[in-house]
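Should a chain be cited, it is by its letter among A, B, C, D, E and F, assigned in written order, with residues numbered from 1 in that chain.
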Amino acid sequence: APLTHFDAAGQAHMVDVGAKAETTRVARAQGHIRMAPATFALIESGSAKKGDVLGIARIAAIQASKRTSDLVPLCHPLALTRVAAGFTLDAGRHRVTLEVTAETVGRTGVEMEALTAVSVGLLTIYDMCKAADRGMIIEDIRLLEKAGGKSGHWLADCK
Amino acid sequence: APLTHFDAAGQAHMVDVGAKAETTRVARAQGHIRMAPATFALIESGSAKKGDVLGIARIAAIQASKRTSDLVPLCHPLALTRVAAGFTLDAGRHRVTLEVTAETVGRTGVEMEALTAVSVGLLTIYDMCKAADRGMIIEDIRLLEKAGGKSGHWLADCK
Amino acid sequence: APLTHFDAAGQAHMVDVGAKAETTRVARAQGHIRMAPATFALIESGSAKKGDVLGIARIAAIQASKRTSDLVPLCHPLALTRVAAGFTLDAGRHRVTLEVTAETVGRTGVEMEALTAVSVGLLTIYDMCKAADRGMIIEDIRLLEKAGGKSGHWLADCK
Amino acid sequence: APLTHFDAAGQAHMVDVGAKAETTRVARAQGHIRMAPATFALIESGSAKKGDVLGIARIAAIQASKRTSDLVPLCHPLALTRVAAGFTLDAGRHRVTLEVTAETVGRTGVEMEALTAVSVGLLTIYDMCKAADRGMIIEDIRLLEKAGGKSGHWLADCK
Amino acid sequence: APLTHFDAAGQAHMVDVGAKAETTRVARAQGHIRMAPATFALIESGSAKKGDVLGIARIAAIQASKRTSDLVPLCHPLALTRVAAGFTLDAGRHRVTLEVTAETVGRTGVEMEALTAVSVGLLTIYDMCKAADRGMIIEDIRLLEKAGGKSGHWLADCK
Amino acid sequence: APLTHFDAAGQAHMVDVGAKAETTRVARAQGHIRMAPATFALIESGSAKKGDVLGIARIAAIQASKRTSDLVPLCHPLALTRVAAGFTLDAGRHRVTLEVTAETVGRTGVEMEALTAVSVGLLTIYDMCKAADRGMIIEDIRLLEKAGGKSGHWLADCK
């Protein structure tokens, strides 16, 4: 498994996907943001009543998925056919989890779109709570699952 | 410390920074990407000879810092006066660390610019190595230090 | 007819269009800008001789159609195959009308692309004439017609 | 009051604001979207319980204000220091009103930023409700007030 | 004169301009596009009567100047205070010349903004005439003059 | 061969490509940047050891190809399936040549994507070396070859 983003001379390129079939491709990614208990309480109550941090982070995540090929230099542009973003609150670890599913019908996978959405969604939570808590940490952004295309189904080991 | 991004009625807004002084503001952020030993070896050798993954990720990080207010909904647009991005290779944990410093002379801080640069830099490493290793994990994106502005100097606890 | 942009739990998502057929889709939208008689005269003469306000607004409208999915959070990105923008001058009401037709061959409609083009075209007229007339009003931006896709042909009631 | 966006030869340019003073500049703009009673009811209940159309439109409006100089060809880029967007529901006319206030400390006004935010906020409502109601009409986008800069305070006639 | 865009270790960065004075900075750049005589005739007549190629290229040039820091990786973002773009037709050489002047009041020069505007303006002419003439050549894009900032006034040798 | 970007009334539009077949389309474009011998030496040594000007310009070129329809007003948006950018150093003329190949499977050609990539790649070299040499000249940006689509294969005359 070499680095496909480089040619034989070591020069970066956007790899040729023109001969790949247009198939349905799905990717699911996840990440967390851990914070102080008081910050967690603000988000938890906010999403119920006022100051909807997670609603705004969800929109930021979805919008970021559409900017992926602008941000990641060798990513192919593609037309997403579905993006969904869901949050889970873990009160014990005062941690918010964001999971994003992205889909397309195209010639290349959407892992980067799902991962970019997760990253920007979590950054948005950081932004909105940073006046209260600068020490928040974004943890363990990873691909959970990938389907479609020649490489077939892939599922992350743990979690 | 309430959530400043919401007004008294709980509605999101871009907070008023018009009365703040234009001062030099600096932020330093960090994150890691952990990978399989073989992937780490590819990056390590690549940055020396051919297939310069880290050189490309550095450019992606710097460019992303300039897109921060496009990505994070309530971020103020601002004119960065300096961005630097450096990588450290930890062979023991086969982990790459990216640290970004961002600066401006303006009315609001640049934490989000530094954090966004770190996130996109690490996503770019993921993208370039994903054909070899889908299980890479982006870890512990956090603010390390912040200076300038009324809130003064802030330094992360650990690390 | 519920709000399809929300799932059963009320969370926003980019709806799944992956199973829809790729068909030719057309949308036609319209809007107006009403102004002082003297401003109208400036535009009218300008488009003939010098200071081509409408020529510039047409370009802005076409370019904006390509940015729609960047601006409207839950819009799908798509590849427009045609955009045309035409102006009509109504000297009696000193009002300029902009009508835009957008087309694609894809899985989802182009109403938002046509409406966004109309909006930005009219904003551009406002911008270029605002030194002369701050009281201009952008009126009645609406969809006129829509064709293609499962929902079939739709034609606005009046006008 | 000629068209300042053209030079003596009738050629468009971005006008020189380099000699203008950096002052606080504010603009307030407004627009409406009128819809079928059933659509209005969906939005009204939604903003209370689930399917927060207005929360998402508010974010779209704020983000669009930051893209103004990308969309309107001869607009100067500028660093907004505040953007706030508020909705009013008029049950009698089943109409939603969006009012946006934009501010900067700079050399040129922010009318276009406020007007662009209003336009995109209303387009977002259209997008989210269009499956239920294609006949919605965006009405009367206009500047309400402008302060700061050499031209001084301006207040719209009516409303 | 070393390459300032790299640090002592050879790593790219966005150079620190935070300590530079905010002064008026001007840059003037130029480029040409040479074409078949018949294509030149189309542009020449078009700009007089219908099919205003140069009017559209002028708008594209001005808009591109605002995207410079998005396109050129290590460019600082800055707020342009003036951009003007003028065309000259050379019937003898059937060549169109585009000259752009860009200005800001800031901490860094605007050479790249002027050069980017020239490049995109000429690319737009190519795009609009390519159905008639694929052999057009964009020639001699260069900086003509630069003023403001510590490095002082610079004037190109020839032409 | 008229100007297809204008309708019968001389008004610009994005031409209708909806009826064209989706075929593989390729374009190859080229340009040069000429500089002082000392600047050429900096780039030459830099690409070997430290300060990788060409590596960064390659990334800028690839990324710019993805922004083409944002920059060139009447260009159709399309999903590139491959982009490759290669440099050649001509020590005799102290000139760097950039050649870009772009491909898509779509309804319209990718000439503008290849030409835009070349332009921005060369602008990036200018940016990174301008502190050493303001007199660099970007020369002879042109299409070399085009294949796919109804107009068939096209090859530039000379070179």
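Throughout what follows, a contact is a pair of C-beta atoms (placed from the backbone, for glycine too) under 8 Å apart; a residue touches a chain by one contact, two chains touch by 3 or more.
Remember, predicted model here, so these are calculated numbers, not experimental data.
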Exercise for the section: Could you run down the chains that neighbour chain D and chain F together? Expected result: A, B, C, E
Practice task
Give the label of the chain whose average Cα location is farthest from that of chain D.
Solution key: F
Problem - Same-site or different-site touching of chain C by its copy chain F, using the half cut - result: different
Fill in the blank from the handout: Comparing contact pairs by residue number, the option in C-D, A-D or C-F matching B-F for over half of them is A-D
Practice task
Specify the chain most distant from chain B by Cα centroid.
Solution key: C
Exercise for the section: Please compute the C-alpha centroid of chain B, do the same for chain E, then give the distance between them in whole Å. Expected result: 31
Problem - chain C: positions in contact with at least two other chains - result: 12, 52, 55-56, 59-60, 63, 67, 70, 73-74, 79
Fill in the blank from the handout: Among line, ring, star, complete and other, the chain touch graph is other
Practice task
By the touch definition up top, name every chain pair that qualifies.
Solution key: A-B, A-C, A-D, A-F, B-D, B-E, B-F, C-D, C-E, C-F, D-E, E-F
Practice task
Spell out the part of chain C that touches chain A in their complex, as residue ranges.
Solution key: 7, 11-18, 69-70, 73-74, 76-79, 106-107
Problem - Residue ranges of chain B in contact with chain E within the complex - result: 24, 55, 58-59, 62-63, 65-67, 79-86, 103-105
Practice task
Enumerate the contact residues on chain C facing chain D in the complex.
Solution key: 1-6, 9-10, 12, 31, 38, 42, 46, 49-53, 56, 59-60, 63-64, 67, 70-75, 111-112, 115-116, 119-120, 122-124, 126-143, 146, 154, 156-157
Practice task
Within their complex, state which residues of chain A touch chain D.
Solution key: 52, 55-56, 59-60, 63
